[in-house]
Amino acid sequence: MPTSIKMTRRDLVRAAGAAALAIGAPAIIRPALAADALKIGVLVADSGPAALFGPAQRAAAELGAATINAKGGILGRQVEIIFADAGASPAEVAKSAVKLMLSDKVEMIFGSHDSAVRQGVENVVKGKIPYIYTPVFEGDDCSSNVYFLGEVPEQELQKTLPKMVELAKGKTFYLVGNDYVWARTTNDKAKKYIADLGGTVVAEDYYPLGAPNKFENTVAKIKSAKPAIVLQTLVGGDNVNFNRTFADFNLSDDILRLSCLLEENTLIGIGKDASKNLYSSLGYFADLDLPENKAFIGELTKKYGDKAPQQCTISKGLYDAFVFAAAVTTKSKSLAAKDFAAAADGVQFETPSGSMTMMHRHTAKNIFLARCEGTKFTVIDTFAAVPTQQSCT
Amino acid sequence: MEALLFTQGLNVIYEALILAILVLGLAVVMGLLNVLNIAHGEFIMIGAYAAYVVQRAGLPYLLAIPAAALVCGAIGLVVERCLIRPLHYEPFETLLATWGLGLLLRKCVELAFGRGYRSVEIPIRGSLSLFGESYPAYRLALMAVAALVLASLFIWYRRAPTGARIRAMVGNPVLAEAVGIRTRELARNTFITGTAFAGVAGVMVAPLTPVEPFMGLTFIVNSFFALVVGGMGTVAGLFAGATIIGGLQSVLSAAVSPTSAYIAMLLISILFLWQRPRGLFPRP
Amino acid sequence: MTGGYFEIQNVSGGYGSGRVVREVSISIGRGEVVCLLGRNGVGKSTLAKLACGFLRPMSGAVRLAGVEITGKRPSENLTRGLTYCPQERVVFDDLTVAENLSLMRTNRRLDEFEPYFRVFPRLSERRGQHAGTLSGGEKKLLSFVRGLSERSDINVIDEPTEGVQFENVLHMADLILSHKKAGASFLVVEQNLAFVDRVADRIVIMDHGEIVLSAAASEVDRQDILAHLTV
Amino acid sequence: MAYFLVRSILILAFLILIPPLLGEFWAYQLGLYFIYGLAALGVGLTWGQAGILPLGQGMFVAIAAYLTAHGLLAFGSSPIAYLALPAASVLVAVLAFAFAALVFRGRFEQGPSFSLITLALTLAAFQVANGWSSVTGGFNGLRNIPGLPGLDGFLDLYYLIAILLGLSIAAVDYLLHAPIGVLWRAAADNERRLAFLGYDVAVIKAAAFATASGLAGLAGALYAPQQNLVTPDLAGFAFSGDLVIFAAVGGRATVLGPVIGAIVVGVLSAELRDRFPWWEIGIALFFIVVVLRLPGGLMTLFAPLRRFSFARTATRARSAAPGKPRIATSLSVAFEDVRVRVGDVTILDGLSVRTGEEAVLCVIGPNGAGKTSTLNVMTGMLPRRGGRIVIDGADVLRPQPAIVANRGVARKFQTPSVFPKLTIDENLSVALWAGRWRGLDVLRLGLFAWTSPLLEEMRRRFQFLNAGTRPASALSHGERQILELTMALITEPRMLLLDEPCAGLSHEETAAVIDAIQWARGELNLRIIIIEHDMELVRRLADRVVVLHQGRFLADGSVEEVQRNPEVRAVYIGGSR
């Protein structure tokens, strides 16, 4: 009996030791990086609801790093990416950011994820290193040493809505969105623009996030209210679901739809039968007919072959982040918060969607209005260098 | 206004029936066998992917039904053998195991099909005119099929002894074996039937929703509540639960707002769970 | 004791790794009623379960009409003519009395149970009622009727009279005797000596998992039995 | 007790010594997982002990986190901010208690539906947190929450979290070994028995849920200053589900298991997440293997170390339990025209019968006459459709097991109803404590030493009762009958209801039980009502016999009188074994 217990205990100790090794090991095993490499933590959606962007985000970031490195890197140092999953809860991602800063000693963090996660990361980064946030978001954040590359509602709506009114030959709007900050903020701003245009909002419906939503009710109401335009701020599966239901009820012939977050992947889900008269307003589409974009997509195809993940505005922003960081540091010659912030304001940089300018830590950029044709976007209008109207100092 | 009311009325019936179809598989597995299969939504998801594959291969859509039943039944067979039976069909143990199973199935489908949305085309296009109001034909067809399935189930369940034998087996497995019920086979077949039903439900809803690996998660919560509110193990309970959860949410969503409708549905579920923990039409 | 119709040969076993029954052999001929007696916890019910396939014997064999059925499943044994009525949880509580009886019949009418209903009119009165609402004694009657109605060659019945009123105990004894006349054999686990007196051809007494007495009923009197039961 | 202290100190020392060894990042990471561990500790307590699976503990974490966040925002750097921690935790516990007591009240075996209620609540809470932007900051969360004053950096806060976790583990450890812990396990095992001993089962279960929620509240209160951000995802189902997973993986029946589960699953996910793209498959398989192969969780692996655990010794010195007030008279009961129907079946059809001068009343009658139902309706197990039941001169309008038990009625069921997973000693203790404990006695370890002359006498008569550490499930049918009879007797009732007390007993045991009943009847001012078929037994025990037939009173009198009664003879002869 005693021997068997001893055996078990020894096994236990051994198992515990092995476990400790396995956890401690990464720091040792991880290939030693070039001593002077500049490490950048990149937060991408490997899991969670946005995980469908994950592969494209990684690809865009890797291409961004390679492009910058080919031009001599940042501050003369080669750039090295350390990816971390941003698809988990804000606490979990914030913890990854702490690890990136403390263990991996990254000198910048780029991220493409939701705003709740961003606030978690901001809390731990505390402005110590530049944090570049790239996706579409609602604006109204002026945390220090954080730089926003994504489209804010003002950019998506200001020029686009008049164009939509022109296309629809009507000024009545029906607003449908998910019940959370981005959709509500976007719609609040939309209502201001609609009023300026002399239009009216006939009704607005908000659907809970993460609930099993069905859209037959709203579609029936739309059918009855007969607005000229349906402005959508739905995300993910709900976006697909609504648009399919809308088309099933035969409304797509008569009523135009403008979505504020409709990119290539979601359009594939909506499918060709449901995409008639559906418009999207964003700062980038993968099929943009610009030489910069052709080059970007060409490089990706060269790097990843036919299996290159589908790019969209959400993922492409991470490529922009590298270009932006390189442009700023050329001016600032330093990553110190004060120098970086001073140099960032007004810096202009070239991206696959054209030239962008950082103003008040938000980015003035080209906005494209695209019509869906099947499961592809056709750009019908381009609004150059649309300002963000954000005023962070 | 009347036209809107009429359409909304149809929407309410549609949501109740579609929920009943989605719950059916769980009603068998949880209502009869007491297995809290939290991976039920994943079986629906796999059924939807089966529909996608069949459609992509250019085969007739109806073929997706046997395909999904076969695939989900086969997975059900393996799951029953490796997970459910070793856990002796214990409700909470199987709840935990199927939580892991759900995660596993989602990731496996992601491995095979990727994370992106797949779109399944509507097999019956266009609309039908009902009393001057048009309504999508596929939805009407679904409603008809759902009503038919529920009605025939109701009749079968009353007449065939299988239902009573399953109840007998779950209530008293030792005695069931003693009176000649081959309990192991009956439990296995019942479980497989439940997963196959879930697969077929997946085929039916695939053209209506985004098909992606995580779609199952949106079905599971409503399914659980519908089942518990209605009462487990009876067709009347299944129907009542789907009507209350699906129908009520639809009515409130139209009348007030979708978010309040959702919260109201949760609060009503709580009220039922508290005051009528065995549901409206419980198994006697 | 060879050549019995139902043979339990050197059977040992129990729950898990615990050996409750040790090397027990009982042989029952056609039309014979064997009553198994003993204090609580000596392994009577365990032996019944080992014999019918609810527990797998660690060693030994069970034979029915010369065919070995050791370790075969109860549902299979029933088709070979071996019926078992358990001591506890004797009916399906969720089912009605009628469903309890007709569960495995293709014919859902209860005609074939009429003879039993004549003896136990109570069951007939309550046929639409859920068995879970029956009293303990009524459940035992229902279980007993269900078991006998299988008309099996071998009937293993565990404590049929527990909680049953005396006149019904007498009716039960009469029914056993009439089935016996038709050639059926019985192994009855029992505590009720009045009942045992009426039905037993042979009495087997167990203690500590072993048989301590096995004799024709006519050869032992009550005092002998009591002496064994109160050691 | 000494061992308990040593173990607690060791755990605390271990927690405090980690960060210097592993560095600042680990202090931050473990700080977070310890917070999760606190909430999981509660899940383990309420699920593993009281048998209530909570699927929405995240809601309580979230409520406490939002409350603390507002407290910190309001008081900032003032030390008053520290009060937010206990305040949020206690508030959440009170809320949880009120809610659970309400849901549990008056109902038995609410388990699965209660779990689903908690799930629905947290789903609703998520939507509220998401939508109520002015208070919660909406989806993006309530941000810029200041840290606790005086604590700078990850390490300082880590020590606070570690100390609170260590203390919480010690507190839970203590509770589980205190009488309340036994009562929780008893409630999980057999709610009905507990109620029939006179305990308020709803309060006992609600106390477990409230303790768990208080721990969740503490976790939330620490989460706010640690993260400086509170988002609705705390109330999301995924987080609540994770807490259950932590408890399941670590071992829900143990104190440390859920905490270890939180740390192991957390660290494993964090380490695999950025390294292997398909890490979730690994986690899923790991989890399935744990459920299948280690139903007791990872703590099963530590079972060999269990022999060092804090075990109660059977040889502790016994002390006398406080006496119960003796009332010189036994309890009377009267039924007046009582009617009971279940579905469309009449069970009691206007039954009128009352107790008289006799000490032992035997109720006989054909099967299905309504004998057990009479006891059921009197103790609140069957609803009454009409008539009056008067116990001790007072109308009982809504009989409930605990209410009737506290009036002095003890009941022994037809099939023995004990706490199978508890030991013999624990079974007896739960019965002995009934009606004797006051106030915070349920926290005193001294209660385990309680005994009473009656209990000692029963232990002398039935030797198996002395094997105190055996689980009741290991007892034979007859022994369980006797254990239940003993449990009923040592509550020192004024009325004892026995439903076929000798069913399934051997002749020897029957004799011993009859002897014990006769002895108890002399010892206590006890009225005994016995349902019995065995006329020999009736003859030996009964002072008076009542015959029921078809839910009605048929006859009464002495044994001889009823046996001579032609009406009785027409329906019931009676005999003996």
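By letter and in written order, the chains are A, B, C and D; residue numbering begins at 1 in each of them.
Here, contacts are C-beta pairs under 8 Å (C-beta built on N, C-alpha and C of every residue); 3 or more make two chains touch, one makes a residue touch a chain.
Since we're looking at a predicted model, the values are computed, not measured.
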TODO: With one step meaning two chains touch, work out the least steps from chain A to chain C.
DONE: 2
Open item on the list: Please report the minimal path length, in steps, between chain A and chain B on the chain touch graph.
Closed with: 1
Task: Far-end chain from chain B, centres as C-alpha averages - done: C
Task: Comparison of A-D and B-C by number of C-beta pairs in contact, larger one - done: A-D
Task: Inter-chain centre distance, chain A versus chain D - centres from mean C-alpha coordinates, in Å - done: 50
- [ ] Could you give the separation in Å between the centres of chain B and chain C, each centre being the mean of its C-alpha atoms?
- [x] 43
- [ ] Using mean C-alpha positions as chain centres, tell me how far chain C is from chain D in Å, no decimals.
- [x] 38
Task: Overlap residues in chain C, where contacts from two or more other chains coincide - done: 130
Task: Multi-chain contact residues (two or more partners), chain B - done: 221, 259, 262-263
Task: Sequence positions of chain A contacting 2 or more other chains - done: 179, 208, 211
Task: Touching chain combinations (by label order) - done: A-B, A-D, B-C, B-D, C-D
Task: Residue ranges of chain C touching chain D (in the complex, touch as defined) - done: 38-41, 87-88, 122, 126, 129-130, 133-138, 141, 159, 162-170, 191-195, 226, 229-230
Open item on the list: Applying the document's contact rule, which stretches of chain D touch chain B when the two form their complex?
Closed with: 53, 103, 107, 110, 112-114, 116-117, 119-121, 123-124, 127-128, 131, 237, 241, 244-245, 248, 278, 280-281, 283-285, 287-288, 291-292, 295
Open item on the list: For a test of understanding, state which residues of chain B touch chain A in their complex under the given definition.
Closed with: 1, 3-4, 7-8, 11, 14-15, 114-122, 125, 127, 134-136, 138-139, 208-212, 214-215, 218-219, 221-222, 250, 253-254, 257-259, 262-263
Task: chain B to chain C touching residues, read off their complex - done: 161, 164-165, 167-168, 171-172, 174-184, 283-284
TODO: State the interface residues of chain B toward chain D in the complex, per the touch definition above.
DONE: 36, 83, 86-87, 91-93, 96-97, 99-101, 103-104, 107-108, 111, 221, 224-225, 228, 259, 262-263, 266-267, 269-270, 273-274, 277
